[in-house]
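Would you mind keeping the following structure in view while I ask a few things?
The letters A, B and C name the chains in turn, as written, and every chain counts its residues from 1.
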Amino acid sequence: MHSYLITAAFVATGAWLWFGPDTAPIPLTERVVVDRSEVLPTTLRTPITGEPTILLQGSIAKGCMDCHVLWDSRDRQSTVLVQHKNVMLDHGENDNCMNCHDTDQRDKLILRGEQLIDFADSSQLCAQCHGPTWRDWQRGTHGRTNGYWDPTRGTQTRQMCVACHDPHHPAFPKLKLFPAPNTLRMGDPDAAHGEHELEGVLGRLRGVIDKQREEALKGREAAEAAAKEKLDAEYKRLGIEIGDKR
Amino acid sequence: MSTTQTPVKKNISRRSFLRTGTQVVAGMGAFVAALKPLASIDPDDFGGVQGFLQKHYKEMDDEDMDAALRRIEADVKRRFDVDAVAKDIKPTTGVEFVYALNLSRCVGCRKCVHACVAENNQSRSPEIQYIRVLEMPKGTLDIEKGNHHYDRPSVPDLDHFYMPIQCHQCANPPCTKVCPVEATWTEPDGITVVDYDWCIGCRYCEAACPYWARRFNFTTPEIPKEEVNPEISYLSNRPRPQGVMEKCTFCLHRTREGKLPACLEVCPVGARKFGNVLDPESEVAQILRTKRVFVLKEEVGTLPRFFYYFDERYPRDASQDSYEEMPDMPGVIRTHGGAKEEASK
Amino acid sequence: MKEYFRFLWRCFRLSFHGNWMYKTWMLILSVIALFGLNAWAKQIAGGLATTGMTDQVSWGLYIANFTFLVGMAAAAVMLVIPVYIYKNHELHDLVIFGELLAVSAVTMCLMFITADLGRPDRASHLLLRFNWPISVLTWDVIVLNGYLFLNLHICGYLIWCAYNERKPARIFYIPFVFIAIFWAISIHTVTAFLYSGLGGRPFWNSAVLAPRFLASAFAAGPSFLVLTLLLIGRFTAYEIPKKAIATLRSIITVALTINMFLLGCEVFTEFYTDSAHAASAKYLFLGLNGYSALVPWIWTAISLNTFALIVLYTPVRLRTGWMSTACVAMIIGIWIEKGMGLIVPGFIPTPIGEMVEYLPTQNETLVCLGIWAAGLLLYTILVRVTIPVLTGKLTRTRLYSTGDES
């Protein structure tokens, strides 16, 4: 009888639905964990704000003048360092250490007018040559501000130049990359293809640019190799074996 | 004329009554069984009775807001076992927020993305991130050419520049136009906000935004308890329920108190600038006056309050490639000479 | 008043009676509707993450079906024009079937919208704070609900009069019928404006969208009506005049021709200009950056519509078999065009260039099937009840007898 079929159908449906799952599947992606400590407002470098020191043989801290009163400084043209092996000046046109460091007072920096300043005031030194950047920095449009946008309600913190820029190699190092987005059901982004290639003139120019870049890199490598050779020759001449230390 | 007889059968027999009766009961039983998943819902997840009766933000008086904030704090306690402090911070007069981003500085590290996630209690699973950084090839400003999923050992790559995109808090926003219940609107200080307790989740605003800045909670957001930010505000970073929209609010719980947004504070290269454009001495006012700023999709007429600019002075070129990462010390970059510096903090 | 409730009760009882084919049909629809209801309950519990929608493609199958059904609802009133404007009284009764279809379609639309909402428990917010006139969605809420009540009134009144065996008073339905004609156009135009007003979505931001919506609706809706009328003529005692099918066929032919023409216009504008704004069109018709999931769909839709167009312009259109096939082809083709050919590509690529494709989940599909089943159930019941009243078999004075199972 038709009515029994209908009843049976509803009962079966009811049972299926009642004993079935209460949820539908949701494909949640694996959580990308970025700890809060990795996103704190720190700076790239910790600048020297007090007396500059060097760590010898592990942990003996010496001030600059502790050694530099014993040895005469070399001429102003030298850029090959016996100590401070880690420092190699790569500051563009500024290729002379003594443009910034005083020859006699090694724990001070020297401004163009022969005025000596502390390491903590190093930003004044940068300002001498980098006028437009200094002007922007004073306005707040260069470098990072932390704290408050409204100085009437709290402290604004500005960073000194060397908090971000290594004075011997001011160009920024490459930085660590944080994880890419991984949103719900986004599919496989690597599956895309046709990397949004540039068309037209710029696309053709890409080959030219790539070639120029390769050549620049080769030139760079050659210059580095030459500098290293010169350094090794100096050490040999001095007959010194100095370990890797600051 | 009226008769109470059934229109079809002249006589109701017991048999036919039972037959019809069982069909009806079976049908109704199946109906109830179909609705069984609703029993597993916790009404508190959906705001409970208090949430249902709550008024629109603009209609709440201090007492209503107070009650709402207490409910929100209790809800955060229930969901995450965290003691939160919920506030509702009103805008200051004479303030209009503007954001400027220096494309010559951005290296595409995505630190801002994750700082924002930590600050604003965004869902970790499924993942919601307000900021999306695009890796753009040099030579174009067409954001459709950008790569969202770039993954490199380190950034920046020298053939690209990087463009983070988040809500631009437009002055002529398409999203607020289309909302049928006015759950999203522009506040006097320029920020486009969402009342999470009013939104019905139709996602029309998400379709309308030309910058893909709005996000939807497709399910209940999941935040690990130790990562919950307990300083929350009604219109910005309080943990959201399922089924509502959310987006960047320029960290209004911080900025309305004079502080800087989280994304700006962590940027390692100082590419982000923020402030009150009505103050002529502010960073952003100076940038708008002195730098060559532009906005995305200007032709759509949204009048964004988020400006991009370049002020390239020392362009990155191939010579910068002398840096490599040390394999034995991850995260540390070797300068060409030997010193080890912490690459990113 | 008491008589009215008795009338409703009698209609309700009547809807449970029919031959075995009718009961089987109703049972299948009921079971599907129950599964759909269960799927929706799971969606309420788990959130819209149980569907295939994402932040990148934030509208999918629900809105696609909604858009298609708004068109159907609008077109259902198409019979009204020849009857009342061109005074073609033979088709008089058929107007009711069209309007009943409109009622079912609009109800389905409202169900799809409810299924798509993230917080349907907050639907009352629409009444408390209504962003009219700025939000086009508020216009849509008004016109859809207005259209529903308009058609309920017209059908209800005409059927009530037939039940009471008295001639309907013109003042109670003629003005409403004329309003319904304009209102039908407006519901689909407003729905088109939902999409075409968005500057951030250049694929939709086209003036041709509203005309295209209307053209495709007036092809698909009357097609559905043709199929319904053929079924009614075949399975019930009701006589369908040949003129009805012919009138509908003319409407469909014109509408489909315009639809294909407008498709050509869109294709030309997108591909000849070849600007960055054509990205979604490229994705849809040709595939983009290696993503091509929708390409087979759109070309199937175009093929089906072309096939239907050819049938309509050749003598075979006069044969029922060919006409029905063309109608089915058109309904499927236009459904694909409105859903996969319009809604989904509008989101791919995203406004900032990300490519994420969309695939509906099983739960989402069940909800859609459930709503379709519920709508068809409603339409079947309405037709099932209307025919005996119109043919005089069920009236105030006459009791319906079981011997006559139709």
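One rule holds in what follows: a contact is a pair of C-beta atoms (placed from the backbone, for glycine too) under 8 Å apart; a residue touches a chain by one contact, two chains touch by 3 or more.
All of these numbers come straight from a predicted model, not from anything done at the bench.
Undergrad: Sort out for me whether A-C or B-C is joined by the greater number of C-beta contact pairs.
TA: Output for the comparison: B-C.
Undergrad: Mind having a look at which chain is the central one, using mean CA positions?
TA: Central by C-alpha mean position: chain B.
Undergrad: Centre to centre, by mean C-alpha position, how many angstrom separate chain A and chain B?
TA: About 28 Å, centre to centre.
Undergrad: Based only on mean CA positions, could you tell me how far chain B sits from chain C in angstrom?
TA: Their C-alpha centroids are separated by 35 Å.
Undergrad: State, to the nearest whole Å, the distance from the C-alpha centre of chain A to the C-alpha centre of chain C.
TA: Roughly 59 Å separates the two chain centres.
Undergrad: Can you tell me which residues of chain C touch two or more of the remaining chains?
TA: In chain C, 30, 34-35, 38, 42, 45-47, 49-50, 54-56, 353 touch at least two other chains.
Undergrad: Of all the residues in chain A, which ones touch at least 2 other chains?
TA: Counting only residues that touch two or more other chains, chain A contributes 6, 10, 13, 17, 22-23, 26, 183-184, 196.
Undergrad: Specify, in ascending order, the residues of chain B that touch 2 or more different other chains.
TA: As it turns out, chain B has residues touching two or more other chains at 20, 27, 30, 33-34, 36-37, 40, 126, 128, 132, 144-146, 148, 218-219.
Undergrad: For the complex, which residues does chain C have touching chain B?
TA: Listed in rising order, the residues are 2-3, 6, 10, 13-14, 16-17, 30, 34-35, 37-38, 41-42, 44-51, 53-56, 58-59, 113, 116-123, 125-126, 128-131, 134-138, 141, 194, 197-201, 276, 279, 346-347, 349-354, 394, 396-397, 399-402.
Undergrad: For the complex, which residues does chain C have touching chain A?
TA: Contacts found on chain C: 20, 23, 27, 30-31, 34-35, 38-39, 42-43, 45-47, 49-50, 52, 54-56, 288-291, 353, 355-357, 361-363.
Undergrad: Which of the residues in chain B end up touching chain A in this complex?
TA: Chain B reaches chain A through residues 19-20, 22-23, 26-27, 29-30, 32-34, 36-37, 39-40, 107-111, 113-115, 117-118, 124-129, 132, 137-140, 144-156, 158-159, 218-219, 222, 224, 227, 255, 257-260, 264-270, 272-276, 282-283, 286-287, 290-291, 311, 313-314, 316-323, 325, 331, 333, 335-339, 341-345.
Undergrad: Of all residues in chain A, which touch chain B in the complex?
TA: 1, 3, 6-8, 10-11, 13-15, 17-18, 22-23, 26, 28-29, 31-34, 36, 38-45, 85-88, 90, 92, 132-133, 136, 139-150, 152-154, 159, 164, 166, 168-169, 171-184, 189-190, 195-196, 198, 202, 205-206, 209, 212-213, 216-217, 220, 224, 244, 246
Undergrad: Quick check on the complex: what are the chain B residues that touch chain C?
TA: The touching residues are 1-2, 5-9, 20, 27, 30-31, 33-38, 40-41, 46, 52, 56, 126, 128, 132, 134, 142-146, 148, 165, 174, 177-183, 198-204, 206-212, 214-220, 242-244, 297, 300-302.
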